[in-house]
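Here chain A shows up in two complexes: once beside chain B, once beside chain C.
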Partner chain A sequence: MDSISEERKRGKFRTREFLANNFSFIGFALVVVLFEILTQGKLLGARNMMNIFNDFFTIGLGALGLIFVMSLGELDLSVGAIVGFSAAIGSFAADASLVLILPACLISGLLIGLMNGLLVSRLHVESFIETLAMSFVIRGITTFLLNGTRGIGIAMRVFDGDIIKVATFAVVAVACYILYEYTMFGKHIRSVGSIAEAARQSGVPVEKTKLLAFMLCGLLCGIVGFFCLVRACTASTKTGNAFEFSTLLAVVFGGMPLTGGWPVRFRSALVGSVSMAVITSGMSLMGLSGLTQQIVQGAILIGVVTLSFDRRNAVVIK
Partner chain B sequence: MKSRVLALVLVLVLTAGLLAGCGSQPASTSEPSSTAATGTSSAIPKFKIGLPWWTSTDPSIVSIENNIKTAVEAAGGELVEIDSDMTADSLIDNITELISRGVNGILLMPASDSMLPTVDEMCSSAGVYYATYFRDILDQGIKDQIFASKYYAGGCHEDDQQCAYDITKSMVDMGVKNLCVVNIAKGDTSSDLRDAGVKKAVDETGINLLNTTYSITTQTDMTKTIESYIAAYPEMDGILLAGTYCDAALPTIEKALSDHNMAGTVKVGRIDWDTTMGDYFASNSFNVAYGGQFQIDPMLSTMILINAVIGTPINTDGSPCWLQTNYLKLTSKEEADNFVKFFQGDLPIFTTDEIKSTMIKFYDPSINADTFKNIIANFSVADVVARHQGMIS
Partner chain C sequence: MENSNILVAEKVSKSFGPVNALSDVDITIGSGEIRGLIGENGSGKSTFASICAGIQRADSGTLLLCGQEYKPGNTIDAMNRGVSMVIQEQGTISGISVAANIFLGKEKLFRKHGILNAARMEQEAQKLLDFIGADFIKAHDIIDTLTFEDRKLVELARTQYCDPKLWIIDETTTALTVTGRELLYKLMKKTRDKGCSVLFISHDIDEIQRMCDSLTILRDGVVTANLYKEDFDEDKIKQLMIGREMSGHYYREDTQGTCSDESVLEAREVCAGILKNVTVSLHKGEILGLGGLNDCGIHELGKVMAGLISPDSGKVYEYGTKEVTDIGWAVDHGIGYVSKNRNTESMMPVGSIADNICLPSLKELSLHKLIRKKTQKTFAEKWSETLEVKSNSVYQFCNALSGGNKQKVVLAKWLGKDSSILILDCPTRGIDIKTKASIYHLIEDLKKKGKSILLISEELPELIGMSDRIVILKDGAVSGEFQRAEGLTEAKLIQKMI
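Up next, the complex of A and B:
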């Protein structure tokens, strides 16, 4: 018969395991309750809910793409630059025809994702370095192309409608969920993220999997670029600024392990994005300055990573 | 099992909240029930003015905020500030949020002409007035559209091209023959106009425009730019800081020149004033500055907006009140010190009483666009000193 101390240890372990497995939901609930109190009930008001959704929409789409890349154990720091570049290309396509804006945004995002994927998977460039460098290159090209700002016809604002955005997000989220959880591609991604060599020996096409993940991330950034463009009807060199930080923070807050692999849960993207949108909205309603908001977001990132990083399973030497 | 139940509950709560948001009517602003036009009410109705604003400790930026706040509170309103990086995307999000917070008017510095139709559509749909400051509208089609809008109250702008032309000519008169320029981001209306002004002066006088660098926002980048200029252009004898969002830009430039023993040799001029000019004027390492619009432009733009919000628009024919404020010139330490004391101190450039008596049509129905033009024409450092001499120790 187990001793009392061993039963207590098992109990503590189950509690810790529950907390670790449901960290994202617990964090989300805490954030909602905290800011609802601090904003004296304004956070969950009907008007503010759409503001939260508008914040959540672009970050959520970006996070959905990032899930695939980070599940591989890779990083994509070029997502913000891809958003800006896609919006810029879309603004040029608008000169030919408004119908071409969306395809132009999608194709440009896809092509940058393809480049990222090729460099990481074929040339084995470290994704952190490669995507960071790519972001500089793309930002430079965007600045050169735009030479300031470019506007498009205000008729495109119809795509900034709430119903269209809710429907778009629902379709993309469901499609990504099915792809991630129920297809071989999704399983391959997590296998590669866990132990790439073992996955390769098991017949998983590692390079192709990485390539497709980066392309998918790029495609979703293209969608974000399109919606950024139609929201302001303007593409500027600042479009997508700091987007990589927002999406990274979102997925990490959602419980995404930085090492990728099988522990990754698809819900990290959604719950984390909503949580970050709630935090941003709450801080804004409280009247916190931009500097203070940055400090809070940075502190959250450090805290979440510290609490959720699984040191036992971290691979020290590959 | 527990986590699945938890997930389901959270999804249901979020969905309910989203549906509540989707189903809600567009935010209807509580327009102040104005009886100002008939003068039957003795108090201005309560109102809120929204201001997208960026956080800075720069005294110039702080003084702009103080002047806007004084203007709003002088009329009995509330200023609702929201953090912004002043890009088009950020401003659109800011406007959405301000409208949802029930503001009656929004004051903004547009990032580009092309975003204005979007702003107009959003504000017109919500019945919220808006006004602009610091920016002209160069695109005639957009200008016509905005000016025809019922909800565009108007705003102030400067003749950036003339200012840049004048300051370049001033620097040429001081002996500059090889000029380097630092400017704000391309595509920004002011940036483009200042570029055009510099070019016009350069073409007329025949001096060399060696290089222009855009969009410097940090001191590190400013230092690198100046040092690059020094290294690449030994013949450089003038630096024009045509515009920047970099804090402590002038000290950074002066430090870089000083490190290369070029302070005082290279003539330095800048558009937009700052607190450090006085010492550099005294040491003759800084030579000319055009500015002074930082405070008057936003304040008057705010007053144009407030008058529209409370039902007493400056122009009674429905057209926006569109004013051009002047750039003022500084060339001495005394003028610079007076600027710091009287423009960037705790006292705004117009006190609450001065605002009430000269800028709020509710209290004086005779106030019109000419009143504001006279204020602009009479405005100078000496004017503010004369009015507030006894109020500041």
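Up next, the complex of A and C:
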């Protein structure tokens, strides 16, 4: 009698652990099935696959950057603003030479990342507040500079090709994966996210690690800015709008704990981004308006955070 | 006779996931009794206490309080029935006054028409503080102005408000000063003389023997013995806790200090915070004990020597010439620091054993800037096996380990790094005797291998038992120095401390 109840309890324990470990895949499967039904099979049609990839491409790049910052237990709410800003700077660079567009985008992203990093690591401003404020500042500057929209030569459209994008994504994702899982930097990031003081006492350069993580995130947003620019061939004040929200939603949907640290899994950036792309594309296919999409996304975020928040790990006294 | 029992626990069991913390525990505590509860880390002492105090619920079994069924749903419930507990961890809330902390959750008592009568609450709080003998704490002070030791006294006062029939004290004495301890002991006796009971949990066998009328020993969630005062015997208690005969060898056995003349780490005229012109030098192959009262600056000196605090004036030198600038430099140059705050500074509880052990050695583990998972695993396994960390695998998270095992992981980290200088701040704090003994063995081994150890401790027997030389600090200045010798007694050290 006792052994049966014991066995059952152990079984229950294992089921719960299984659910927690594979949260991201289960969410992904649910989303695919749901939208496949709702769109009457159009979601996974050959024609829609490229749409999904296009959504995935930008969200995925942003999520890859965000995962480094969030593993520190920090947040970056300025990613959308960085995308818009770097696209705007890119459009100015285009006036001088088309060759300068990419470096201009990358450098502007990197610089804002550097500023975020300095403020958070050296001046100890709470990253949530700092990056939110930074996003207002940058959006303001972008609006001032652009004064509406700015176009670049339509010839740049060639960079919006599928092969280039697939290749770019593959290279960036693999590089980030190696950086995250197999280098000192990746391990330092997670130890700082776990307990910064413990990391410091083990010889981890805490400030430098934070700074580099924010810079990396900025750089990746610069890449996103470049591809946004060449896709539309214009930079507008709307470029990168609500991008911080989509990326945040993606990593959280992928099972990323907001507390950061060692429980973070790299795959949450990728799986979450695919799920987000499917959700966005599915809702567009259903003909939902932008406003309705936002409501749905917001509801999903609340739901996912409630479900995935690991209370056992969060009670650790910081 | 039935009614003279305050608490009767029958077949109490509790498990966490697949781990059985308590199985079929029977404990009977009579009125007017101070009952000790002792066992190794993870033996279920705290679990049993927290079930009695309503913090957790038992999976099965019954509790009777004064002959009536007792099933507390939460701590308030338990307090209403006359059971209160002083918890092991810090239990005060910062930013509010002492009085507000004492009456936390009971503000209703002082409410009139929805408005809190703060003045009356302070009066009551002060009365309580005076009652427990801590009249030097003022009820209107903000809690943050008190030392950690005094905050613990505030917690004691809080548990006294309900006039407990059963008063549970979980591992509190290590967090108290000498005067605080005296207060606690007096209060325990007072409670007993009223005909109420105390359940006293401690690692300190001396203290248990001195204070308790009877003793229950737990091992792996099972009661191994109930002893009465006349049967108390240190060796017997240890044996019942661990389940085998303890070897007589606990501290070092040699009576003569040995070390070379070469200075490996030296603080030269350091002033930092409380520290005033401290000059201390650690020699190669030496175990240097650093002792003193709680606020005398020994912990700060440890941090200064590890490069964690940069001194206001004065410098720290490694091998006489190289200046220790910051902790990063120190770690790279073979200095390992083990903080006394295990869960917040010396390790990452939400991280695997492997993550923790490998962290300082990542540079040595990488090949062409890349670290292979297998290299890490082998490294972590080697050192966790060397130190006999009890775990299923090195990928297990440390928050599931007991205090002693956590400390072994922390030490494994520095052994793996092969640090030649170790600064250990209270390395055996809150650790069961078995692990304690193995840590002492380890320190001795390290000394034999030519490593130098700075042992910071508030436990005098530990300092006397282990050190080649003991430096005593008092109010931030060096007040005495003793060489290892047979006739060295605690009294001699205390003289220099106060």
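What we mean here is this: the second predicted complex is superposed on the first by the 313 of 318 C-alpha atoms of A that agree within 3 Å, B and C clash if a C-alpha of one lies under 4 Å from a C-alpha of the other, contacts with A are read in each partner's own complex, and residues count from 1 in each chain.
Here is the rule we use: contacts are C-beta pairs under 8 Å (C-beta built on N, C-alpha and C of every residue); 3 or more make two chains touch, one makes a residue touch a chain.
Remember, predicted model here, so these are calculated numbers, not experimental data.
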item: Side-by-side fit of chain B and chain C on chain A, or clash; value: fit
item: Partner chain in contact with A:Thr306 - chain B first, chain C second, else both or neither; value: neither
item: A:Ile195 touches, of chain B and chain C: first, second, both or neither?; value: second
item: Which superposed partner A:Val166 touches (first chain B, second chain C, both, neither); value: first
item: Chain B versus chain C as contact partner of A:Ala232, first or second or both or neither; value: first
item: First, second, both or neither for A:Ile178, with chain B first and chain C second; value: second
item: Touching partner for A:Lys187 - first (chain B), second (chain C), both, neither; value: second
item: First (chain B), second (chain C), both or neither touched by A:Gly203; value: second
item: First, second, both or neither for A:Arg150, with chain B first and chain C second; value: first
item: Partner, of chain C and chain B, that touches more residues belonging to chain A; value: B
item: Partner chain(s) touched by A:Pro263 [first = chain B, second = chain C, both, neither]; value: second
item: Smallest separation of CA atoms, chain C relative to chain B, angstrom; value: 15
item: Of chain B, residues touching chain A in the complex; value: 2-3, 6-7, 10, 14, 17-18, 20-24, 27, 54-55, 81-85, 87-93, 96-97, 100-101, 111-115, 117-118, 121, 185-188, 191-192, 215
item: For the chain C and chain A complex, residues of the former touching the latter; value: 15, 17-18, 306, 308, 327-328, 330-332, 337, 339, 343-352, 355, 358-360, 362-363, 366, 369-373, 397, 399, 413
item: Partner chain C, residues of chain A touching it in the complex; value: 9-10, 13, 178, 181-184, 187-188, 190-191, 194-195, 197-205, 259, 261-263, 313, 316-318
item: Chain B contact footprint on chain A (complex, rising order); value: 18, 21-22, 25, 28-29, 44, 46-55, 146-152, 154, 157, 162-163, 166, 228, 231-234, 236-239, 241, 267, 271, 274, 284, 287-291, 293
